[in-house]
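Pasting in a structure now, in structure tokens, and then I'll have a few things to ask.
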Amino acid sequence: MNGAGLLLRREMALAWNGGGGPLLACGFLLSLAVIVPLGAGPQLDQLANLAPGLVWLALSLASLLTLERLFERDFEDGTLDLLAMGPLADEAVVGVKVLAHWLTIGLPLALMTLPVGISLGLAPDQLPLLAVTAALGALAFSFTGGLGAALAIGARKGGLLIAVIVLPLFLPPVIFGAGALVAQADGRSPGPALALLAACVLVAGVVGVLAGAAGLRGSRT
Amino acid sequence: MFGLANPDTFARVTRPLIAPLWVIAAGLLITGAVWAFRVPEDALQGDTVRILFIHVPAASLGLAVYGALGLSCLFYLIFRHSLADAAARAAVLPGAAYTGLALITGALWGQPMWGTWWVWDARLTSMLVLFLLYIAYAVLRGAFDDEGRAARAASVLGLVGLINLPIVKFSVDWWNTLHQPASLLRAGGTSLDPAYLWPLLIMMAAYFALFLAIWLTTLHTEIMRRRVLAMRARQAREDRHV
Amino acid sequence: MDIESRSQHGVRPMITLSLKDLAVRRGDRTLFEGLDLDVAPGEAVSLTGANGAGKSSLLRVVAGLLAPVAGAVRFEEGGQALEPAEARARHLHLLGHQDGFRSGRTAADELAFQVGWCGGTVEAMEAAVRRLALGALLPLEVRRLSAGQRRRLALARLLAAPRPVWLLDEPLSPLDSHWRAEVGQILQAHLEGGGMVLAAVHDPLPIPARTCPVGGAA
Amino acid sequence: MNGAGLLLRREMALAWNGGGGPLLACGFLLSLAVIVPLGAGPQLDQLANLAPGLVWLALSLASLLTLERLFERDFEDGTLDLLAMGPLADEAVVGVKVLAHWLTIGLPLALMTLPVGISLGLAPDQLPLLAVTAALGALAFSFTGGLGAALAIGARKGGLLIAVIVLPLFLPPVIFGAGALVAQADGRSPGPALALLAACVLVAGVVGVLAGAAGLRGSRT
Amino acid sequence: MDIESRSQHGVRPMITLSLKDLAVRRGDRTLFEGLDLDVAPGEAVSLTGANGAGKSSLLRVVAGLLAPVAGAVRFEEGGQALEPAEARARHLHLLGHQDGFRSGRTAADELAFQVGWCGGTVEAMEAAVRRLALGALLPLEVRRLSAGQRRRLALARLLAAPRPVWLLDEPLSPLDSHWRAEVGQILQAHLEGGGMVLAAVHDPLPIPARTCPVGGAA
């Protein structure tokens, strides 16, 4: 297997066996699906207005929560040194790690938004759009998160720092993602918002990989 | 130009500018403020139009200062010159203050004009992002005890943040938002009533002078601090040798 | 060993390494300055010096993981200078205190990843496992290994993914006398295949090696 | 300073300087306060019905998210061995660590529920009750979370295990805590629910400390 | 040293340690069986054996962090048996590979906690810092320390919080020759104060010590 495949496999195995991140994050999303409607009681239909915002908020937080350890453990136990001595450039290392994060956390979370959407009273014909935007948005979150985690390697207050770095960069996908759903619900075309979301993903991908690699290089002191 | 990159030259050349800049900034601020109170009320907006003179220059300078910060970061990443890092750091406080002021005055203005404090549209959101970027830069810059590492990481983030500038600037043209489209700086000349234009321009100049004054003062303090540190280090080395 | 078979499981590229006028600084302290060192294929160098003198830092500089404040590290292959990044990615092994093993995963998983990452084959890994008697340990989680066993696991990477330059940080200290001798033989074989060893040590290596003192006192 | 004080101080310093957990958790709660009403738009008064459930959901999640590492790092770097060789019994060690978690995360979170409650449209006269129940509830969450974290030490899929063990135990405080608020809003006495909540805290305290100590002892192999 | 001053910064309680017919098992392998050992005040014992023989495990058993499958560890103070938990909490120091330092905190913070936790005073800590020349290192994050510096930091706890039984796992390996000699003197002083040293080693200790071979081969 080539380097990228090996690293991807390792990262995914670590995500599933190490911290239980994916299931925790999914559980977090799901619990929202259970408890919010319980609290809402009879006014469930009014909840539907909140639904896009709530789902996207939850999605972004769930992604954020699993990011802290993206590079920190590797930094502490010397894995980053090993990774620097292998076949992949820093950019590719960041890219593969981010991809693994998306595959193990982002995609499951995107799937999980469906039951959440349903239980929050989202119209059934909105669900396909929700799934697509959530998957795209999660990818953008993973990229920006990777950037934040790489820049924060070895910093004091690592977790908080990542949140602060990442928060402004998380806002656009949230706005456009929720915006697409709102537009569809209002009978407008979700196309423009969707296009903007895709643009966010692209920009996040390029910038995340480049800046993440710069963060990796900077951590070598 | 590049001679200025030497901290000592920089200090020598800019030193005499600082005090005049503070005086100019104060004078312009006072003139602009007085003038702003004497412009006629707007037919549509009534008295609230006066927010314009605080809001617009704050928003413009919030953007421009981030531009200066981002370019300093780029400069630092290319030349690894610590003056560039110091310049970026010195821009954070005035920039964040201006941006915060634009957000607050905008929200205050939005309530009477649009009937809401806030909407998540492109202009307002991207401006909020700008504010958060200032904070993120400052927090990241302070999060390492290794200075070089901190400067590098923060510069990367500062550079990344530059992407947001055109988004803020052109958000009103690219997307339909509640926010006023550009009337001052746009292709085809300004469309603002001269009665508002002049005090506005004076306020702009005042904000700009104020920024320069704060920026240069901070930079000078930083250069002095480094000189003291270097001197102490030299002293310590000499002490060890005797 | 003829050249044919050496290209299979030995060290082929004849790399030389030279450090020129190297100065390394950590925090606000200069650890050492003006360090010159040339290492030819087949040579071993012990880096010695007090605690905190900068031996481990020097190894990181050679590996390209730390930038020197002055001077340069040059790798040459057949008289031609190699790109530092290229050299790091293909011709170097660094074995430090932090071995990159995730303590909760099995030795088998971790070794397979490390060997694969450094470009070793499965056959070479199996040979290394046999050479270092790791077979019985592979199913264990890395955290359960004893200190010496863990070091042997880390050494397996060097055997399984042949690279000419070995940068070793106190490689023998957790090993028992039997394994010190064995690893000595492994180092010897590596040198004979044209490899190089740069090792930070407090006790002499069990192979003939030049000594390079690093830095002053801590 | 005695052992308990020392450990408490260290744990609190680690919480504040290490992962940034407290601020992250508080930011999480606060973002809820900002975004949900924005999403709700004009129907803010109807939101008040959701408020107790939402606040409690957010509170429990924010507590849970910071618990995974309560013992794991200490286990990996040998601190648990050191702790075993000091003046405090295992029960006390668990108790102090849980207390530190409550002080650094639980109490700030409980405070944070106030702005959240306000922005969700909770009646101002409900705020004192919210603060008290939230502080109590956070204590129960810390204890149950500590139990889960201790039992999961060194286990693979640590985080998942904790979540699975702990989630059902999180439910009773959520129900009684939100119940107290709902009762008050309906003009009934919050007393019974409050008493039940206090009982939850007590049970969680006793069980958490004892089972947590057993988890610590079990990790020594 | 007279008894008065010893009670101030030395080791007071005269503890003896005896291991009886000890058997230790890890996973499904019995590491050793029937191990007997008596250690009197002022005695040092080197535990020797191959990698994986069970030296570190034995130290953990003595420290009460691992239960033996057979046999017992007894501490006696003046002929009276001590509670194992009591002995662990008050009379033992264990210094293993995992030193319990959090890599992101400063050496000063970590040392202060460890010393306080083990019951040492601030004055004793300052004395230990001087003895081990740690002053300049205290403001650094632990992860920045060199291997030998970090070991010295860990040893400071033993000096600053006097306890009679020292269980040491390869205590000298990362130290340079100067500090090996210094730590040898520290151990010697500890023994002279009535202390005991039980050390797992691959190289002989720099003090007179009985040898206790542990287990078979790995």
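For reference, chains read A, B, C, D and E in written order, and residue numbers begin at 1 within each chain.
Here, contacts are C-beta pairs under 8 Å (C-beta built on N, C-alpha and C of every residue); 3 or more make two chains touch, one makes a residue touch a chain.
Computed from a prediction, not measured in an experiment: that's the story for all the values here.
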{"item": "Of all other chains, the one whose Cα centre sits farthest from subunit E", "value": "B"}
{"item": "Most heavily contacting chain pair (counted by C-beta pairs in contact)", "value": "A-D"}
{"item": "Chain of greatest Cα-centre distance to subunit C", "value": "B"}
{"item": "Central subunit by CA centre of mass proxy", "value": "A"}
{"item": "Cα-centroid distance, subunit A relative to subunit E, in whole angstrom", "value": "47"}
{"item": "Distance from the mean Cα position of subunit D to that of subunit A, given in whole angstrom", "value": "25"}
{"item": "Inter-chain centre distance, subunit A versus subunit B - centres from mean C-alpha coordinates, in Å", "value": "31"}
{"item": "Between subunit B and subunit E, centroid-to-centroid distance (C-alpha), Å", "value": "58"}
{"item": "Subunit B: positions in contact with at least two other chains", "value": "120, 145-146"}
{"item": "Where subunit C touches two or more other chains, by residue", "value": "27, 97, 103-104"}
{"item": "Multi-chain contact sites of subunit D, meaning residues that touch two or more partners", "value": "17-18, 38, 76, 156"}
{"item": "Residues on subunit A engaged by subunit D in the complex (per definition of touch)", "value": "16-21, 23-24, 27-28, 31-32, 35-36, 38-41, 43, 46-47, 49-50, 52-54, 57, 61, 65, 68, 156-161, 163, 167, 178"}
{"item": "Touching residues on subunit E, where the partner in the complex is subunit D", "value": "26, 60, 63-66, 85, 88-90, 92-94, 96-105, 109, 113-114, 116-119"}
{"item": "Subunit E partner contacts - residues on subunit D that touch it in the complex", "value": "1, 3, 6-7, 10, 13-14, 17-18, 73-74, 76-79, 81-87, 89, 220-221"}
{"item": "Subunit C - residues contacting subunit E, complex", "value": "26-27, 49-52, 56, 97, 133, 140, 144-149, 152, 169-170, 173-180, 202-203, 217-218"}
{"item": "Residues of subunit B that touch subunit A when the two form their complex", "value": "77, 120, 125-126, 128-130, 132-133, 135-136, 139-140, 143-146, 148-149, 152-153, 156-157, 159-161, 163-164"}
